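Below, chain A partners chain B and then partners chain C, in two separate complexes.
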Partner chain A sequence: MATTSLSVARPGIVLSARARRFWRQGGIELALVTLVLLAAWATISVTIPRPDRYLPSPLSVVLSSGDLLWKGILPNYVGQTLWRLVLGSLIGLALGIPFGILVGLNRHVSETFYPVLNFFQSISGIALLPILMIWWGTTEKTVFGVIVYTCFFPIAFTVLTGVRSTPLIYMNALRTLGASRLRIVRDVLVPGAMPSIATGARLSIGYAWRAAIAGEMLAGRRGLGWMIFSAQQVDQTAQVILGMVLIGFLWILLDRYVLRPIESDTIQRWGLVQR
Partner chain B sequence: MNRARRRQILLGAIPFLTLGTIWQMNAVYGWLAPIHIPPPMAVWGAIFTLQDSCAGLVDALQQSPGCLFTSHILSSLGRVGLSLVVGLPLGVAFGVLAGMHRRLANALEPVGVFANAISGIAWVPLAIVWFGVGWLTTLFILLNTVFWLVFFNTLLGVRGVPRVYENGVRTLGGKRREVITQVYIPGALPSIVTGIRMSMGFGWRALIAAEMIGGDRGLGFMLFVSAQEYKTEEVFLGVLVIAVIWMLTDRACLVPLERWTIERWGLVWRPT
Partner chain C sequence: MKPKLVVRDLTHHYPDEYTGEDVHALERLSLDVDEGELAAVVGPSGCGKTTLLNILAGLLPYRQGVVQVDGVAVKGPGPDRGVVFQEHAILPWRTVARNIGHGLEIQGVPRQERERKVGEFIELVGLTGFEDRYPHELSGGMKQRVALGRTLCANPVIMLMDEPFAAVDAQTRITLQEELNRIAIATRKTILFVTHNVDEAAFLGDRCFIFTRRPGTLKATAAITIPRERRIWKDLVSDPAFTRPRDEILELVRAEVRVGDD
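Showing the complex of A and B:
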């Protein structure tokens, strides 16, 4: 995703002003485009034969969501997927960040581990799913394994690069003042790695989200991914589209209102802009 | 090769050698069953099992059923090539068109954000409904991922080109076509190339996943079928090939391309 809004300051604006600004900055266009797309979708679904199989109308998608809400399935599935994502990526981050920092501390160690981390980063977790399924079957462990794996390597790799790219000047400055090794790690290397920790966390949670969906589909664990996969098998295309829209919206909400603010705040607080 | 580079290679080889040794020791001492961790030689041998009745190079290139290993690789790579040839020009063209109009760009940006948020694996069930299980479904997933990422990055790139350049060319009597070819596309190139690299990264992962769920050939399909038949050595082989192909593409083509583009076309100076 784009990183253009990284440098945008986030002052506390009152809501009405923010709403007005949103409206001025493309809110009208957004509403128009949404309407046009919905109209096009509805028109196509009216004209094609068997719309309930190939492209159900927006209305029937909304109705199917009402049906699922009524039965309590939808909140359950959304909750399960989010739970997996949160727990899996927390474990992945909790393992990956210290690993990246520890490996990054020493130049020889980091040069040793750089290629192997790069290698495992390029094996996507989804490709590993068949192996995990042979090991653990279609259990919860398999899905968590994939999420943790997908999370671990990008974050460890990014943190390692972040620690290594801390300017030497800062370390030398502390050393000249007689700081101990522990002090340098605590006051220079870890804060210096903070921006890359935040960026890496956002990146790896993005990968983990896709891995969670794919893992649910292939391992058959209840959740949003499983919902769209099983709905397709029983010809409930309305539920498939509902699931896709939910997946999209959930990710945008998570990215816009949780991950990106954390990332930009971290960069503002700890970002090293050398002039 | 200078000393620093040689040292890097030597140090970097240590973890791989260690892992390889442990892997081989596992095969010798039998700590974990071969069905869970197959011996390295079995993984190597799986190539020849898969290529069992392959007549020769021509046969392999024709993707005949006798050469399963090369057929799956060529099939996956062919789709990646096709999606680049089709998706890239389309994404750039629509991205430039949309990026030129500020209002249109503002309107289409959320569409791009949304399309990218559900791109890839989430489209697989719907694609299966539309195209059935097979080649077309996986191509659709890949194209969908490539197009939206390239489109979105081109849009952002074109929109980010400072007005000054456009006005400069206009003042000197440049036509609309010249503004596009001389200002917008070069100005957006770094962003476009980043989009290509991202789309290949996400696209390759999405393709493998799509082949597993809704494909009938390709590396992902090979992984899935081998896993169902508990041929773990073929699964390991597939995973290694997927990783090596991606590393080669990324390190040897995409990263140098991106670096060169940013050096050559990147707009360092920005009017304030």
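Showing the complex of A and C:
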């Protein structure tokens, strides 16, 4: 009978393997922290005067989202922000990756550009917005400008560093096989920079996400940033908070399901870090 | 017969990276390597062995002396001199097969012929079944097999080996030495093998060039006349034809180390 008892399913909730892994890997703690935060939020909300103005309860935020969903505004705004992020980041990466590689090829050139890139990397996109608005006004160009700018410098910087740190022995080995300079760039430096490209891209898109929201607030039409900003002007605090929560959630989804897998796959496949 | 590699009065000095002091790495060094010969260069650490190898590979420019391969002066790196490096210099993002075929790819050999040759050399270096693995999935010894296969597959006039088995464990090292001996028989490749390990030099070399301590120059040459087919570790350990020259070389190298310790 001992053998049959093994095959009998235990009573209770049956969880899929995926769900079980999620709960084991800190899912319970995450759920607890979320509940505590929501409870704290709700408590503060009921104890202060005029919560609708200062801190609407979680429930009224959910209700306001239902309202916006119903009108089709929310999907439209989320789509708009994501579209700006994707297009702006792609342009930023498409410019920054080749730039980082080209500058990284030569030691003297890279030593010259290193402080320059470092300088611009420190000037956040938000600090660039005023000058862009002077040039281009509150246009789509300004929003994209700030996203591309924000994306460009971290990726160029990371790729430059990646190219520079490719082991010299790989290049020497290829030279002794008779490889041309172009061949060394193609077969050693570019693939050698791949992990940096992946890491740098994730970092850059993270910055670009903040830049997209900031850009929309000051210069955009539609989008989550614009929603928060315009809701504030008409005292729709629930919508302001809804926008903030969405920004956080969307980023977590994007990072968890798109950016992180790309990064770890690249690094792992290249055999530079082993799981 | 004309030697494949000729080195005449090669002198190399360079400023020390930190102190700026003039380092005399090689002083009027002369040696020849004949076709099909495996010449082992052995000497104490810092005797200029690696400097010599880098000059031969064309990675280090030299100003004084003559270095010729097949009668042509060495000027920069070239596919006529294949190098197997000390560290793992194979590319981590290429599979075993693509690493081994890299030289042919660079030479522009058509794909079909390349694949045929790569298959041949994968078998020669004992990596059958590992064609599609990435280097990080391989042991240290197997990585050096890939490096060896890559160099051989490009078919250089001379193969230069810079302490290629220094980083693997003792057991693997012995196996790799026997494998290299087998490959030397199969390919009849001209090889210059740099090592600080006297056993290794005596086991592999047709001739051993013993270097003095820095500035490195030729102290003695020892011929090992044991036929390659008989070079198996378990037979040689007690064979006077191996142990006698090995002990002589060891004495010569140790004398240099002692001087260096003064």
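Everything that follows uses one rule, which is that the second predicted complex is superposed on the first by the 254 of 275 C-alpha atoms of A that agree within 3 Å, B and C clash if a C-alpha of one lies under 4 Å from a C-alpha of the other, contacts with A are read in each partner's own complex, and residues count from 1 in each chain.
Here is the rule we use: a contact is a pair of C-beta atoms (placed from the backbone, for glycine too) under 8 Å apart; a residue touches a chain by one contact, two chains touch by 3 or more.
None of these values were measured; they are calculated from a predicted model.
Once the two complexes are laid over each other on the shared chain, residue contacts for A:Gly72 go to neither chain B nor chain C. Put simply, more of the residues of chain A are touched by B, taking chain B and chain C as the two choices. In the superposed pair of complexes, A:Asn172 makes contact with chain C only, with no contact to chain B. Residue contacts after overlaying the shared chain place A:Ile241 against chain B, while chain C stays out of touching range. Judged by the touch definition given at the top, the superposed model places A:Pro49 against neither chain B nor chain C. Of the two partner chains placed around the shared chain by superposition, chain C is the only one that A:Met194 touches, whereas chain B remains out of contact.
In the superposition on chain A, no chain A position is in contact with chain B in one complex as well as with chain C in the other. Within the complex formed with chain A, the residues of chain C that make contact are 57-59, 77-79, 81-83, 85, 87, 89-93, 102-103, 106-107, 134-137, 150, 154. Looking at the complex, you find that chain A touches chain C at residues 169-170, 172-179, 183, 187-188, 191-192, 194, 269-272, 274. Within the complex formed with chain B, the chain A residues making contact are 1-2, 4, 25-26, 29-30, 32-33, 37, 53-54, 108, 111-116, 118-119, 122-124, 126-131, 133-135, 210, 213-214, 217-218, 225, 228-229, 231-232, 235, 237, 240-241, 243-245, 247-249, 251-252, 255.
Those residues of chain B that touch chain A in the complex are listed here as 7-8, 11-16, 19, 35-36, 103-104, 106-111, 113-118, 120-126, 128-130, 152-153, 156, 160, 204-205, 208-209, 212-213, 220, 223-224, 226-227, 230, 232, 235-236, 238-239, 242-243, 246-247, 250.
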